[in-house]
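So, here's a batch of structures to check.
What follows is chain A paired twice: with chain B in the first complex and chain C in the second.
== the complex of A and B ==
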């Protein structure tokens, strides 16, 4: 694994950490005061910083450092996470995401933006008013706690970490760390022993034990023992190899996960053992030449404070040279270096403030589900292969079916085997698809940023509510969701919601609400964007459509039809092109991108109360369960999810309606009968319904239709092959597939067929002539 | 131990003791074998574990040869790295303690 691959993994993990960060911050913003939430947020920033440090991404490290310090103030209850603080935090999360993206993709982030935020963060951490004049929402205590900060701030020299000097360093942490709080920490904290054996690869990839330990030190109090037993003499060594190993005793309030996280970018290149408790004294004795060195955080951020400390703490107890001698436990004990237990140092008795350790519960480490990272291409290859397997299995089944008579003696066994194969194939396929299924959460979270930014831009106060963000859908679908969602969210905030004044005038909460929800419904995922704005102004839409020549004044359109006009290419009701939604991308583009995913979009609008945009998408773009039917000597596949029931029409059930329409009586109701062959132009004359089969289908927009086909061949899982990428878009056809006999069959787009039967798919075009 | 009479050779460490500096530092120390050495770490701004490792190996060699190897002045960054890595003055003595 080379450096680039490791970096790639780092950025992938950054994505996850940023998601965690955003989740936590949003929860805090909604009033979640669980200390574990703050801890999770802190850890996320900390991990990003740690990894970024290893790769020398200085901008990212510097910003993460400031961010982390402020978060630590929140974590230690020095800073109350009120609205102002959360606003800065959320914006900081955005900047951190931008900096990460810039580090990955090579772009730049507006330095003014990040430095302004860094200043805000610093001010918050130091209990000062925000530079722009906002009152610093700091609790009384922290002001005192942070008071010494300004003097100590400046000198944080760039040390071996590659840190940019940041004006206020770890002062706040110092308060918590070794000094007066140490006894409490020692009593309350968990003690872990970390055995760390790096190999040469770790260094070759730019990592370093010193960097890792630096991060480790931030988790608590640390004693480090270095074992140089394996170290050869100068001549016999490869300077780039790794001979030293370490044993670290860490007293921390964090859990084992947090410790492992520090080493997560190094885990392939080291042996790491983390165990609860202190290593036995006997063990320590075995490593006689290793002298435990107490470590406190203050030497990181504000080393100047410690200058009085002599270069080494063993001045009065010089040890005879030959430190390698394995028998020297006695001098060790006598040495003035503090004993392994974190003895409280009286040095920094400055702050009288006692934090509430009780507020930081030790969270029992929840064993995370084991995970591996797999290149998406490999999964895709597997999915393709499974697709071929499904086709092959279908072919085999068909061959066996055809030759059943000839092998009648063994037919039962073969069929049994075939059934098992069928079931296995299905299970393999489900498992493979599950690999690709991912929650929509990351996309939803991106939307919360979009809402924040747009709301800021247009000066509206907007709250984004998300629901069902753990709903899973195929990764290909997720990847393509972000763009249409972004546009629709922008639209909702920019056009959907009224200004605060208008909302007040209308008796609404001045804060607008946009709700983003996801759920599974009949084998599809339905994503809704709901706002509590003014709803679609139908008069304006109609007027605009008339101005654009889309409809005539005489057109008699239903509300639904008017609403759907906004999906017409080039239609925009914005009076002037705003910076936000009027980018030449209209709702028609949104509709197209949803359609290209095999999805559909619909609107429900309620004047004065708001609108709901509803998208229905397939869970996967790879396979579907279909009913194989014949229509005018063609084989078609109808998605099973759309079919409610199948009927063999009786003559008495069929009724004429108007000039050409026919209805079928199903129990107590009448349902329009749609001849699929005719609507697809497979035949000119309608077929006789009595000789065919009716499939009762339900379309996304609601409403049932009976689709008439000639015969049902069977039910089968088919592998979807895109018609668009292999041929071109065909109205009424969603995709194609390969059947067991090797022939291509078209997959019906039921909704399109239903719409066409209502004359709706061509509604926009037809309206013009209406 | 060590030949107290011999004036130590000074090995001036560069400011960046990362992976790229380790081989050069090793070579310089091999050159100095057999002499008392005082390592000047005053300018070290950044140091990694491998350079410290080379110093420890050198110290081991020097001890075996009955020569002295001490750290003269050291920057705070260097001192911090030594602390972080658990290297006490006992293992790698400074000029004052040697």
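== the complex of A and C ==
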């Protein structure tokens, strides 16, 4: 693993943290006051800061730091997360996401944007009014926020934050070994006297005098004296207390800071005095009998040997009951041996022994995980292979079927086996697809930002409600969902919802609502974007369509057909081009991109109440259930989802209309009959409908057509092979597949066929109204 | 015998950095994702030294340190806190919980290694 890989992991993790952050903030925004929610939000920012620091991503660190400080105020109840605060937080989350993206892709973020927000955040943390008055009045700022403890307050700038990014590099690692070369001969170095009085807590926290002295010895020549005066009689001894104090004379070229550095972790639990010069031996002698202690580093170097030494150091103390005499030799200077060495000491010494027999079979280097991360590429390959397997299984079934007569004796067994194989193949396929399935949640979450931004831009107050975020769909579909969804959400906020004044006038809540929901319905995912706006203004749509020459004044359109006009290329009803809709992307583009996913989009509008856009998409782009049909000696596959019913037309059902067109009567209605063979130019003249089969199909616009085919061969699941990537786009054909017998079959693009026969659509309307 | 380090950190990035740093320095490394998991793997991993974060889900660093210290066998195993926090109040809490030392993130690999060496025999 190298730095780049870790950086990759970092950015992946950032994505997760940002999602976590936004989820938490949105929950808080909706009134969730669970401390764990605030904690999770805080941790997300905190983690990003921590990782960013290691990579020297200063902008990200600086912003994350300010953000974190403000969040900490919320976390510690110093700042009430009211509407104003939440607004700043949500915006900050967006900026943090942008900074992360910029750090990853090398882009930049408008510095004014992040610095303005950083100032807002600082102001909030300091209980000050927001710098510019665009947000809510300051008076709303909570009283408690007015007086944060000074040290908790956000630093004015990141400089005094105490957090300095340290770019992380493994290159330095070679130099790790000994900290500094111990000056072997430091005769002319400085002399320091170090008085070290550990208290019991020092040992209880895993520190060790011997280890401290070992480090100290690296700085130069040292002389250690031990004061054991405080040592009580043995029966009065608390094995966990600390009785010994130490005086070290160190001759070193290092300075006092280097010495204090050694005691960095111990300073909490000791009295430490470092003074220049040699302590006056007489002074010390007056009250504290000091024992010179030979200091032998080698004892520390080899822990195993250390274990060999007598297990109870106390036993080595010369005369047990006596107060340890000044003369007491200190045989094991390194370990505070003669002392009632604090209990931790022996325990520690013993640990290597305990460890070895207890060598557990295998402790995984990384703690057991419930999840694994797999390269998407590998999953894709697996899905492809399973696709081949499905094809192969179908081929096998077919060839067995064909040769069944010859092996009729065993046919039954073989068929049973094949059925099982078929079942298994399906299951494998479902399981494999499940690996790539993901909840739509991340995409939905991105939409909340879009709503915020657009609402801000057009000055509307909008609430986004999401539902069914855990609905799963293939990753390939999810990836392509964001763009059309973004556009539709923009559209709903910009065009769908009225201004606050209009809403009030209409007796509605001034805050508009956009609802985004997902659910599974008959093997597809249905995503709906609902707004409680004014609904489609049909008069205006009609007028506009006439202006654009899409329809004529005489056109008699149903409400549904008027609504569907907005999907027409180049159609836009916005009276003034706003930022949002001025991007040149119309609903027709949205429709196209949904269609290219094998999806349909439809609209339901209720004047004064709002509109619902609903998209229905396949759960995967890898396979589809299709009806295999033959047309003019060609084999085609019609997606099953498009087929409403199949019919065997009677002569009396067929009605001529105009020169060439024909209609088929289906119960009470007429439906245009389209000969697939003719429209795809497989044959010049339409075939006789009586001899064929009609498939009643429905396009996403709700329009129905009866497709004439010669015969139905069967129904099966096919693996979709892109035609575009292997050949080129063919109108009327969505993709290709390989059938059981190895032949390539084309998959019909039903919507395209329906719209290619558009001219007939108006014809039937006229007929109906006639 | 290699020194065994138990690292407890919820950030995958930091865990990976620690893994590389510590492996390069010749330590054995066992990792846990939060304090709770840290306590779960404590006995089985039997570390010589522990490096832990403070801000973690489920069980934070303070709780984790207290938990370790309650285990008779690990009362005196050195625990280094590795965190982005640097305020004294938090340091004090960690100290009261029983931390051996405090290292501020982002960490310099060399310093981390020497800090570990400083508290282990």
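Everything below uses one rule, namely that the second predicted complex is superposed on the first by the 390 of 770 C-alpha atoms of A that agree within 3 Å, B and C clash if a C-alpha of one lies under 4 Å from a C-alpha of the other, contacts with A are read in each partner's own complex, and residues count from 1 in each chain.
Just so we're on the same page, contacts are C-beta pairs under 8 Å (C-beta built on N, C-alpha and C of every residue); 3 or more make two chains touch, one makes a residue touch a chain.
Keep in mind that what you see is a predicted model, and the values were worked out from it rather than measured.
Once the two complexes are laid over each other on the shared chain, residue contacts for A:196 go to neither chain B nor chain C.
Looking at the shared chain after the overlay, A:444 reaches neither chain B nor chain C. Using the contact criterion defined above for the overlaid structures, shared-chain residue A:40 touches chain C, although it does not reach chain B. Looking at the shared chain after the overlay, A:206 reaches both chain B and chain C.
With both structures placed on the common chain, the touch criterion links A:67 to neither chain B nor chain C. Common to the chain B-facing and chain C-facing surfaces of chain A are residues 162, 203-204, 206, 208, 210-211, 300, 303. The touching residues of chain C, counted against chain A in their complex, run 1, 10-17, 19-21, 24-25, 29-33, 37, 41, 44-46, 48-49, 55-57, 69, 73, 75-80, 84, 86-87, 95, 98-102, 104-110, 113-115, 118-121. Across the interface of their complex, chain C is touched by residues 1, 5-6, 9-10, 12-13, 39-40, 42-43, 46-47, 49-51, 53-54, 151, 162-163, 165-166, 168-170, 172-173, 175-176, 179, 203-208, 210-212, 215, 262, 264-265, 268-269, 300, 303-304, 306, 343-344, 347-348, 351-352, 354-356, 358, 360, 363-367 of chain A.
Against chain B, the residues of chain A that register as touching in their complex are 157-160, 162, 198, 203-204, 206, 208-211, 213-214, 217, 223-226, 228, 231-235, 237, 239-240, 242-244, 246, 248, 289-293, 295, 299-300, 303, 307, 310-315, 318-324, 331, 335, 337. The touching residues of chain B, when paired with chain A in their complex, are 1-2, 18-19, 22-23, 25-26, 29-30, 33, 45-50, 52-54, 56-61, 63-64, 68, 71, 74, 76-81, 83-91, 93-94, 96-98.
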